[in-house]
Each structure stands twice: as C-alpha cells, then as structure tokens.
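There are structures below to look over.
What follows is a pair of complexes built around chain A, which joins chain B in one and chain C in the other.
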Partner chain A sequence: MRRLISASLALFMTTTAAFAQAVPGGKLNLIVQPEPPSIMIGTTTNGPALLVGGNIYESLLRYDENLKPEPSLAKSWTVSDDGLTYTFTLQDDVKWHDGKPMTSADVLFSANDYLMKMQPRHRNLMTHVESVTAPDDKTVVFKLKEPFEAFIRGLAFYTMPVLPKHIYEGTDYATNPANDKPIGTGPFKFDEWKRGSYIHLVKNPDYYVKGKPYLDELYYQVIPDGASRSVAFETGNIDVVPGGSVENFDIPRLKDLPNTCTTEKGWEYFAPLSWLWLNNRKAPMDNVKFRQAVMYALDREFAKDVLWNGYGKVATGPLSSKLPFYKDVEPKYPHDVEKAKELLKEIGYDGKPLKLLPLPYGETWQRWAEAVKQNLEEVGIPIEIEAADVAGWNQRTSNWEYDIAFTYLYQNGDPAIGVDRNYKTSQIAKGNPFNNVEGYSNPELDKLFDEAAVAYPASKRQELYDQAQKKLQEDVPVAWLLELGFPTIYNCKVQDIVTTASGLPESMRDAWIKK
Partner chain B sequence: MLRFISGRLLKAVVILICITVLNFFLIHAAPGDPAAVMAGEAGDADPAFLQQLRERFGLDKPLYMQLWIYVSSVVQLDLGYSYRQQLPVLQLIGERLPATLLLSLSAFVISLGLGVAAGAFASARQGKWADTIISLVALIFYATPLFWLALMGVLLFSVQLGWLPGFGYETVGANYTGLARAIDIFMHLILPAMTLGLFFMAVYARMTRASMLEVGRLDFVKTAKAKGLRPGVIQRRHVLRNALLPVVTLAGLQAGQLVGGAVLIETVFAWPGIGRLMFDALSQRDYNLLLGVFVVSAAMVLLFNLITDVLYRLVDPRIKVTS
Partner chain C sequence: MKDFWKRFSQNRGAVVGLVILLLVVILSIVAPFIFTKSPWAMVQRPFIPPFTMDAFVLGTDPMGRDLAAGLAHGARVSLLVGLVSTVVSLLIGIPIGAIAGYFGGWVDDLLMRFTEFFQSVPSFALAVVLVAIFQPSIYSIVISIAVVSWPPVARLLRGEVMSLRSREFVEAAVLSGQTHSTIIWRQILPNTISPIIVLASMMVAAAILIESSLSFLGLGDRNIMSWGYIIGAGRTVIRQAWWVSFFPGLAILLTVLALNLVGEGLNDALNPRLARKGR
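Our next item is the complex of A and B:
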C-alpha cells in the first residue's frame, strides 16, 4: 500500500511538474548593449542585433549544447552516405509575420542570392556547396563539392537566416524599408523600436510550434552606462542581463542579490576564445621561443579568477573545449616565470620594449591589459600599453600595426568554420581583423587543416585535428588566454532561459515565467 | 536692427559652411572608417565585404569628391543617410530632438532661474551666513564631476529611497497616455534635469553674485542711494539689470548647446538624447550622422549667438549707440 501511495505521489508530482512547465503569458525586460544599428540579421550580425533579431528570423537548424543539430525551420533532414547531399524537409504551415506562407523558394532566395551578396560568413560556407535546389515547396537540397562535414553545423540562424523573398527580391537589400520593420518566421514579431530607449517584440500567435512561445512580450532596453545597467537589474526594472552586458566587477554583487540566478550556458556554439595576437612578422615575436616564453609568463588562472570572477576556462590551445574535435594535447603552458626567463635568456632577448594594444571593450579588458603587462615585465619584457577606440583597434590589427594585441573570436561550431581561418597561410590578408592577423605560416599545418576540413567521416577529421592542435601548441603563433565565460544573470522566476547552444537569441521561444 | 540681423545671418551661413568643411576633415583624420567598424562587428569579414561596404557608402571615392558631395547636399538641407542605421540623418536627429530639448530646456530654466536668484540673494547679503552658504554650495556643485553627482543621485533617490526612476525617458511597457504619461516622463526627468541644472546653476549663481557686487560699487548706485531709493529697488532695477550682461553671455552659450545634448548625463540616465547619438556615431565612425549632428548643433550655436547679441542691445542701450 505504501508503495502504491508513493507511486501515486510520484506520478502526481511528475504531472504537476509537467503542468508547472509551460505557463503562458507575461513579459520580460532584457538589456541590449550596445543598441544595435539594425536588427535585420541578414545584413547586421553583431551580438546585440542577433540577441533581438534571433527571435524574429530563423534558420533551418538550431543546435543543442553539444552542437547536435535540432529541427528549426527544417523538421527533418538526411545526409547521403558519401556526405555530399543534404536534403531538408521544411516544417508545415510556416508563415511569415505578414501572413504569407514560407516555402523552399525563400530558402533558395536566401542561400543563393541575398546572403551571397550580404554575408561573408555565408559566402565562406558556400565555397563548399555546388548547388542549392528545391524539388518542391517543402524540400531543399544542398549538393556539396566535397564532403564538408562541418556543413551541418554551419546552418545557424546567424549564418543562414531564412529571409522573405517576397519582400526583398529585386530591391536594394541595404536600404529596403523592411530592414526597419523586420518580417521573419520566428516566435516573436517586431512591434516598435524607440531608438535610444527600447525595442519591443510581441508574441507571434501563428508560430508553427503549437503552444509556443509562452511569453507575450519582450522589451530590450537600451541603457548605455554600465553602472546604470546594474542598477536597473538591482531595482527590478530588468529581468535578464545577457552575458557580457555588465562590467565583470559588478557580477559578484548582482549574482548575490535575492532571487537571482546565473547560467554560463548558451555560448557553446559561439565558443568565444581570447588570445594575444603576437605579430610574427616582427622580432622578437618571430622567434618561437619568445612566444613560448610569453605563454609561460602569463598567469591565466589569475586572470580567470580575479578579472573574470572564475567564469570561463584557461585555454589549452587553438580550439575551445566546447568545439567538436577539441583534444587536451601537449605541450601546455602553466604559469612558470623561471621557464619564461630561461627561454628569453636562451634567445638573447635584448629587453626591447613592446607595445600592447588592449581591446577597447570596457574596464575588464583594460585591467586585463595591466595584468598582462605586469606578467610580462616580471619576466623582463617591458610593455607599453597603447590606447585605441573600436575603430582604431580594427584599423591597427587589420593593417598589422601592432606588437601584441588582445582579441577574442567566436569559433562558430566547427574548427573548419571558426578556427583554421586564424592560422592558415591562405588567410593572411590585410584589412580583416578576423583572419591570420599574426602572420603565422606553416605549410605542414596548412595541409593538415585543408585535409581535416574535407575528411569524411568525422573520425578521420579527429585524427588530423589532433595533429594540428599539437603542432600549433608547439609553435604558439598566438598566446591563447581564456575560453571566455559570459554568465547570463536573471531573475529566478524566468524558466528555460537557455535552451540552445546559441543561448538567449534563440531561447526566448522556450522561456516562460513561473507564477 | 533688420540690417544688423541680416548681415549677421549671412555671416553665419558662411561660418556654418566653414565649420562643416573643418569637421569633415577632422572626422576623416581619425583612424578607421565606418566600413571597418561594421565589418569588425560582423565577427567575420573578407576584403570583398569591406570593399562592398566602402562602395555602398561612397568611401571609395577621393576625399575631395566626398567633401563636395557632402557639402552640396548640406546646402540643399539634406544631411544624408546614416551608414550604420540605414536611415536618414534628419529622421534620426528628429527622433531625439524632443527628449533632448525637454532635458536641456528644463536644466536651462532650473539653472538660470535658481542661479540668478541665488546669486542676487547672496550679493545682497554679502559676508552674512546666507551668502557663505550659497557660495559654498555653488562652489561644491561647480567642482563636482557631473557623472559622479548623477550616480549618487541614482543611488540615493532610486536605489535607496525608491522615490524616482533611475533611468530612461518613460516607464517602458507601461503604455501610459495623456496626463499619466506626462507625469511619468516628468518623474523620469527630475534626476537628469536637476543634475545637469545644478552645475549651471552654480555657474550662474557665482557669476551673478560677483557681477552684482561689482556693479553695486559704481557711482550711479551711490547716486540712487543718495536719492533715497529703497535698497530692494536699487538691487532689482539698477544693479541686477546692469549686472546681467555676463549672465546673458553665458546663457547664450548654454542655450546654443541645448540641441547638442549632454553626453554624460544622457549616458548615465539612459536618456535618449542627441548627445548619445553623437557619441555613438563618433565611436562607430558614422560620418554622415556625426557631421549631421555637428551641423545642426553648430547652427544652433550661431543662432543663439545672434539672439544673445540682440538681447545685449535690449539689456544695455549703450551698445546700440556705439555700434
């Protein structure tokens, strides 16, 4: 009898738990920092634009925290045995926010036309694609030139958003008035943008996932001052502070507030990795032993614990541990002042002062530059910290006018998409702060990366990437710092706030408020 | 008078064009361009993308061509498109104008009204405790950094006491209308307007006090006293009016900046004004938008300089005779 009771109790609890999920209604106030220039993510893909626009536009797939593809606009898909043909079947009854039906023609238009003109990331992916066709209204077929296994992880909402053909075809994409009043298929519709104040999205009642979204409204508020953003959360005017939108030194205070939750999840796809560009074209950075000495000199645990409040992880090498094909290989570079000094002595480093260019992204980065300066000066490398704003930083790094410079980049789901661009010889080109800015060139590594990109199946890629990681960790073309952790801070009443590897931009369709 | 005004207007147009040209070169001298910033934000870019952006913005043309295109459209009162926001500059400035004017006019009225009154009051009681207190308070507000004062205001009145909203122009999502909306905006206005106003109030108070003391020592005041006029009448009718000239100059300068916005206050209080629009445009190298804000605020400064000059003639009849 007792067993029966506990069984019924368990059943009761499960059902109430099931009921407890999915309470519709309510609104959320979120921070968007800085204010995006536009939320049309076909043309504007900076973080704030994605945070808002990710609710309006969708791609064929989304990804879980292990980067496993999940249905989005495609309800199912198949990959041919040779890895060359990807066939997607679209969801039923998908409508644009203006009521028109979404079909395979929209996918074709986006992939073959719009994004080819407006989106460099999409263009890169499409270099592996021979053709995109639509045998019928519900089916889209991507035929690849070679088995590019990364392709399935390249269809994120911000690389290949599906855009409305009936609105954009034959217009000037950059100045189409619809950019200001975006029309997508997503769980939320655009309502109003009071520039300088807020962006308002409302529930899409015709969303193809029945019952979703749960929330009625989203307000993305623009609060330009860091201290004021923290105060806004403290005073309850804001429910969600997306990762990276308050200064790190405010985080310990905010997360200790009553009813406050945090999560580090939702950055698995972007997998932001920070490092120091070491200009390999200049002495002494052209010497591998100097670069290794820099690695030993850096106290990265300190940076993580003190500057980043313990969030994130010390990077072992070029790949973030969140990425497929990551491997914890040797050599590694623990903080070792003596070893750094030895290496510098060995190469007869003359103590020539070097310049360090910090990232102009606020106080944390400025402090980090000071910590790095201290680390390097401790082993005998005099450092002068330079100043630049965002435009100046872009210009300096993309024109190779620096000695040592901070950066961090997204790795975008696969080493063939977001990692090899930083190390391959073919990626050395001025005018771009995201490619091989350090000027490292190693034909052996180029070959490894090229083969790994198109090796099939995945197990073959793993072998090649193991070798590439080892090679790079020996050569230290750049000084890897941290896998950055950007905790999202939110009122604990908000449930299911992060449900995909891309985090907040895609998760609002699942989020709900506990009454 | 009409000839004076039309002459000054003509000069103002020439000055405005010179300012525009100068600003144009200054902005282009800063490192980086909007294409690089936008490509930078995209998290991914290739030379083709950068070239595409530069062509779209006309940045691939020689600088003198860009200048010619810009100045000729400004002359036709067209401030062009914001590169980044893909909207007409005039529309963007227009959207921010009400909030900017509301904040700066409130601060202007608070500072001028209270400042002149406090200065006059203090000068009439020179050396007494009221004068000491007013002078001390004015000195404190004059010396305190605005952003600090702003943050302390938020901490005290929003976080601790919960009396006033700490940021924004109105309560987001409340959808108030009519009187309720006006009250809501007013509540949001109090902290930023007071903070901005206190600094200028201190300036006016100090200047009015000093100027009135100086004028008070002049012979005509002695004559007025000798005639047996009451001290209050002497202060108001004779001393204050004569002491106002420097105050009018200062008010003219402040009024000229009404449209330019107040970057610090707007930033701390998330006030959607022109100051922030300009600051963002600067950091993003949004040339057209930045130049547009400069043109509009330069025009306002010129306009208010003109108004100041006209006021001078009304306040001080001697100027009319000499010019």
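Our next item is the complex of A and C:
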C-alpha cells in the first residue's frame, strides 16, 4: 500500500493562516545585504543570492515551519513502504518565464546533470540516490539505495532548484549569459539589476497558483553601510529588513518604531545553533567533568536577553529545537556556579589559564566572548581572549589550534545532514571548520548516528536520536549556547511575510499589503 | 627647587593640570581597593543611566558592567601605557640623538636618515599596522607606540647635544682625556634633561591618545579594560546610552589636557629665560 500525502490539506493550512482576505497590488522594498555576486541559485547559494533568487526559481517541495513538506512544483507525491521509491507528480501548466512549458525533463536535467556538476550539497544528497527517472512528462521517480528518510527534506529550492533544460543543456553552466537574466518558474520574474543600487523583480502573471503572487513589484535595495540600512527603515524607504541585515545593537531601536513588526520565523530549516568548541584533545577539556563544569558556568539566559535582545532560545543539546527529532532530554545544564565549582574541585583543576577564540563577526560576538570569559572566571577558570580575523579564526579552528572557540552552524533540516557531522569519529579531519572540530570520538555514538541516518520510518529514527541526544548531553563534547534568533523587521502593513521554514526567499508569493 | 616651584606655580593652568593629573594617579592607585570586583563583572542590569543608583554612580554599560569601575581601572591602563611607552621611546630616541649629535659626520647622516624614515610614515597608521601584525596585546601596543614616537626625541636631543658639544666645558673634558661615553653620560646628558622632561610629559599625553584610538578601533588588548575600549564598545549604543562613551571620553580629554598643561608649566619652570621670551 502506498502512503499518499495530501496536497490539498497542506494548501488548506496555508490559506487559513491568513485571517484577512489578501488583496493584490503594491510593491515592497527589501534590503539585500551584502549585494550577491549572482542570483542564479543553481551556482550561487549564499544567503543574499537565495533571498532574491528564491522568488525566481522553485523546487519540487517547500516546507512549513515544522519542516513538513508542502507542494511546490510537485503537486503531490508518494513514498513506497520500504522508503526507497519517491514518486512526484508535477503541477499542471507550469511555464518558464520565457513561455516554454516546464516538464519532468527539466527536473531530470537539474537533478542528474546541472546540480551534480555545480552543487556539492546536491552531490551529497545524491549519494543516497540510485536513480532519477521520468516515466512521463508529469512524473519524476527517485529510487534510493537505502531508506534515507531525510531525503524528503532535501528538495528545497536551495538544495534542488529546478532549472530550465532548454537554456542550459550543452552550455557552460558557469558562463551562460542567462545567469545574468535568470529564467525560472517562480512567482516573480527578473526585470533589472542596477549593480550597487537595486535588483528589481516583477510579478509573473502566468504563475500556476491562481491569484498569486499578490505583489506587483519587489525591489531589493543594496545599502552597504550598516547605519544607513537602519536609517532607511526608520525613514520608511525600506519595508522589510531581513534577519541579520542590520547590526544586532540596532534591533531594539528599530523594533520599537511605530507600526513595526518583527518575526523570528523563517529560520526553521537553517536552525542556526551556536556553541563553544572545547578542544577534547587537550587537558583539561579532555575531562568530561570539566566540560560539564563549563556548561554549568555559562549564563546563557543572560546572553540571550542582553546580547541577542531576547531573541533565540537557550540550547538544550546538539539539536536545535526547530529540527525534526529534537527531544528535550536530560541532563540539562542550568546556570549553576556552585555545581561548576564542585565539579572543578572534584577533578582537581589546577587553574591553568585557557584561551578563548571569539567569532570575528562584529560587536555582539566580541561582547559575548567577554561575557563567557566573565562566567568562566567566576567559577575559577582564568580565560584569555585571543584576537583573530575571519581567516585566522578559520585557520585556527580547522587546524585545532585553540582551547575554546566560538562558532555557529546551520543544521539544514535534518540531524543526518546538519548535526552528526559535528560529532562522528569519521568526521575528524583537519582543514574544515565545520566538521568534528572538537575531536570527540565515541564508537557507541557513531553507531547510533549511522543507524539513525538510514532507519525507516521516522519513528525508528526518533528512538535512535533520543539516545544520541542523551548520550551527547552527558558527554558535553562542545558547550552548546543558543539557538540564534535573527528577527525579520518589517512594516506591519505587510501580511504573510513568512510562510515557510526558509522564510523570506520563498514567502513573497504569499505576501500582500494591507490597504 | 623652591625657585622651580615658584616658577611652575606662576602658570595657573599648570597647577590645575597638576591637580587633575594627581587625581587621576590617585584614582588609578586606589581603583582595586574601591572597586574590588573585576571591571568586566556584569553586576547589574544593563543600561542604568548615571546618577540614578548610588552603588553605580556612572551607570552601567550595555552588558551591565559598572562604568565607574571601568573608568577607574581604565585609568591605570591608560597611565601605565602612556608612561611605559614613553620610557621605551626615550630609551630608543636618546641614544640615537646623542650619538648623532655628538659624533656628527657620517654617523649623524646615517642616524638622521634612519629617523626621517620613521618620521615620514604617518605615526598612527604605522601604529595600527604594527599592532595588527603582532596581534593586539598590551605589549605589542606599548612597543608600537614607542616605535612611532621616538623620532622627535632623537631630533630634539641631537640639536641639544650639538650645541653643547662646542661648549668649553665639553672641550675641557675632551682635553682631560675622558672617554666619549663618559663625556656623553656625565657632561652632556645631564644638561639636556629639562627639555626631555618637557617633551616626555607631552609624549605621555600623545601615547594615551594613541592607545585609546587603537582600542577604539578594536585593536586593543582584549583582556584589558581601557578608556578607548569603553568608548569603542559604547559607540554602537550611543543613541540609547550616551554616558557609556561620554565619561571615558571626558576622562581622556581631562588627562591629556592636564598632561599638556603640566608640560607647559615644566617648560616655564625649567627654561625660565625661554618662557619669559614667549610671554
């Protein structure tokens, strides 16, 4: 028997989210910071490129805030009981922006050809895939080598965008002139890009979802200076400030302006989690009790309230609570100075000073390092803050030349994609600041993670991930800090501004302006 | 000595400067006794305005740190950096200037071209580059300030030594068979002390300014609370909390002004004839 996931249910849910009746018309001014090198998201996948390109290109699926798949270019899909065969049925009457029809051939071209050459993230996902085929114009079938449940969350617009075969086939993908004038299937069409000034998108009148998009025009304004970005919003020249595009210390001032709304939603897929790398190879960080003491010493509520303006959430463990398979398990580490001191006394810590490497991403991170230093010195761990620029930070963390170092990473929708890379023994390799940099190695945990990645169905994975989270929280290989919150600040007249787990890039098709 | 003090006190500004300077010195000495906690300690809620809580007279910064404690501890750092870097630059500048002025000829040419090489680079830019290369720490800051501020010492001393070199008492010393080093040490240098003292007081002020500017730019020692650092950290919240940048700014202004006033007073006191000419 096949399990059919109903598209209509998902559609029903998104429409009820909008209480008022959407009205068409109007334009929005958004900030894009920094100006992207390109908005062709098949090749350029940094945040600003996605912010703009997400309106032009689409993928088979999109995801709601719980990372449940919703229809995008695929109107429905089925998964075989063994978890090996995914069959997608495409939407009717989808046209490229140049008027040509979009068919399963385009999906095949993107998945098998274009993205295999251009996107490492896609190649990683495809290691689990045996074959991609198209029985007819409207159907695409992915056959997997093993039941990889995370696959269903790997079809977002920035991991597997569907690109036009008739434009790219047989050309040099990197230099194709269409990269400067992108052609997609999305709700907005590319109009003009004035370098250093703005990117202008206009409504796609032939969009396959009837009535959408509501907005006529989108302007993505390029404003290189941080203070000017804040002022542009204050003066009303900008309607939407995407998360992370103004300095943290400007946020309290902006959000208190009249007629200004904020939302933390739209980061569920990326789920940025911050932590301190504790170099497990060195004493005293090799002692689990020392690492636990560090956890107890940290006042993470303070960091959230004071440094991050109350946005975000104190992390309980290796998984962000936004991620599927997250479980609120024990042990947890509230701020407890006495307990930290006790643990340090127990292991006979000699008071050797340790070095702390802050993340060189501006004032907030510098202040955070100062707060952590203060927290640790309060329990008797002397800390010296080191200075490093971005290159220096990268080099030191990826070559393991640190005692304690700040970082934050995206978790990308599934623990098998964005979490186990930081804890598995097989991921210990110099030269990469995003893998198992702390050097934690536990065969029992390796086994749990390996089994959980390919267990099927989801309930089996949940059991394994529950155990993995508990084990990691006992061992504290790194000191988890906060699930970071990057609020989107916008004029309250804009409605339905974030409707998916990846936020602004995908949501403009649903956004509208209250008159 | 009595004469010295009389001449010094004739300059009202110098006396005011001396009083301010003494206050700053006292503050820096008693800082650890009044503010026993580390100035980095987050002691109260952030953004308490000044003069609203008795325990935190100057209020708190964006992290809830006591601003008054930061200022008091910062005074030690600023004075220490100012003094030490001045001493170091004197140690570089005096020998170079003395040797160049005493021997003259190609030695003088060589040393002065070397000095001009340093003088031709904008000093603050050079200091920024040096600190960036050697990683920001209190040592690299002191060294780089010293490296950029010794050339005026060398120039001044060269001129002084040259004029003393042709005096009779030096010629007498040469005739009596004293070695070069004895003549420089015993006969010439003691006579150059007064202009050096005047210059040094100005250099301390300049060094405090350079240190503050470096810290403001984020090139300070990350583990040391200095005035420049407090201003740099407060700059981002200047619209919500003016006092975080204002008070350390005032402290720098007063200290530097005081040092300059004292320097002028010393000039009057040590070179009475020159001073009267200036009036």
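In this text, the second predicted complex is superposed on the first by the 493 of 515 C-alpha atoms of A that agree within 3 Å, B and C clash if a C-alpha of one lies under 4 Å from a C-alpha of the other, contacts with A are read in each partner's own complex, and residues count from 1 in each chain.
Just so we're on the same page, contacts are C-beta pairs under 8 Å (C-beta built on N, C-alpha and C of every residue); 3 or more make two chains touch, one makes a residue touch a chain.
Since the structure is predicted, the reported quantities are computational estimates derived from the model, not experimental observations.
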**OP:** Record, for the superposition on chain A, whether partners chain B and chain C clash or fit.
**Re:** fit
Original post:
At the Cα centre of chain A, what angle separates the centres of chain B and chain C, to the nearest 10 degrees?
Top reply: 40
Original post:
Of the partners chain B and chain C, which touch A:K470 in the superposed model: first, second, both, neither?
Top reply: neither
**OP:** Classify the contacts of A:P252 with the two partner chains as first (chain B alone), second (chain C alone), both, or neither.
**Re:** second
**OP:** Return first, second, both or neither, reflecting whether A:E384 touches chain B, chain C, both chains, or no partner chain.
**Re:** second
Original post:
Of the two partner chains, chain B (first) and chain C (second), which one does A:P120 touch, if any: first, second, both, or neither?
Top reply: first
Original post:
Does chain B (first) or chain C (second) touch A:I223, or do both, or does neither?
Top reply: first
**OP:** Have a look at where A:K75 lands relative to chain B and chain C in the superposition and call it first, second, both or neither.
**Re:** neither
Subject >> Which superposed partner A:K194 touches (first chain B, second chain C, both, neither) >> reply: first
Subject >> Partner, of chain C and chain B, that touches more residues belonging to chain A >> reply: B
**OP:** Would you sort A:K327 into first (chain B), second (chain C), both or neither based on which partner it touches?
**Re:** neither
**OP:** Just the number, please: smallest Cα separation between chain B and chain C in the overlaid arrangement, in Å.
**Re:** 10
**OP:** Report the residues of chain B in contact with chain A in the complex, numbered from low to high.
**Re:** 30-33, 36-50, 52, 56, 81, 84-87, 92, 95-96, 99, 151, 154-155, 158-159, 162, 165-170, 172-173, 266-273, 276-277, 280, 283-285
Subject >> Residues of chain A touching chain C in the complex >> reply: 247, 249, 252-253, 302, 306-307, 358, 363, 366-367, 369-371, 373-374, 377-378, 384-387
Original post:
Contact residues on chain C for chain A in the complex?
Top reply: 38, 40-42, 46, 62-64, 135-136, 218, 222-223, 233, 236-237, 239-240
**OP:** Report the residues of chain A in contact with chain B in the complex, numbered from low to high.
**Re:** 27, 29, 34-35, 37-38, 44-46, 117, 120-121, 123-124, 174-175, 179-180, 194-198, 200, 217, 219, 221-225, 227-228, 231-232, 234-235, 237, 388-396, 398, 409-410, 429-434
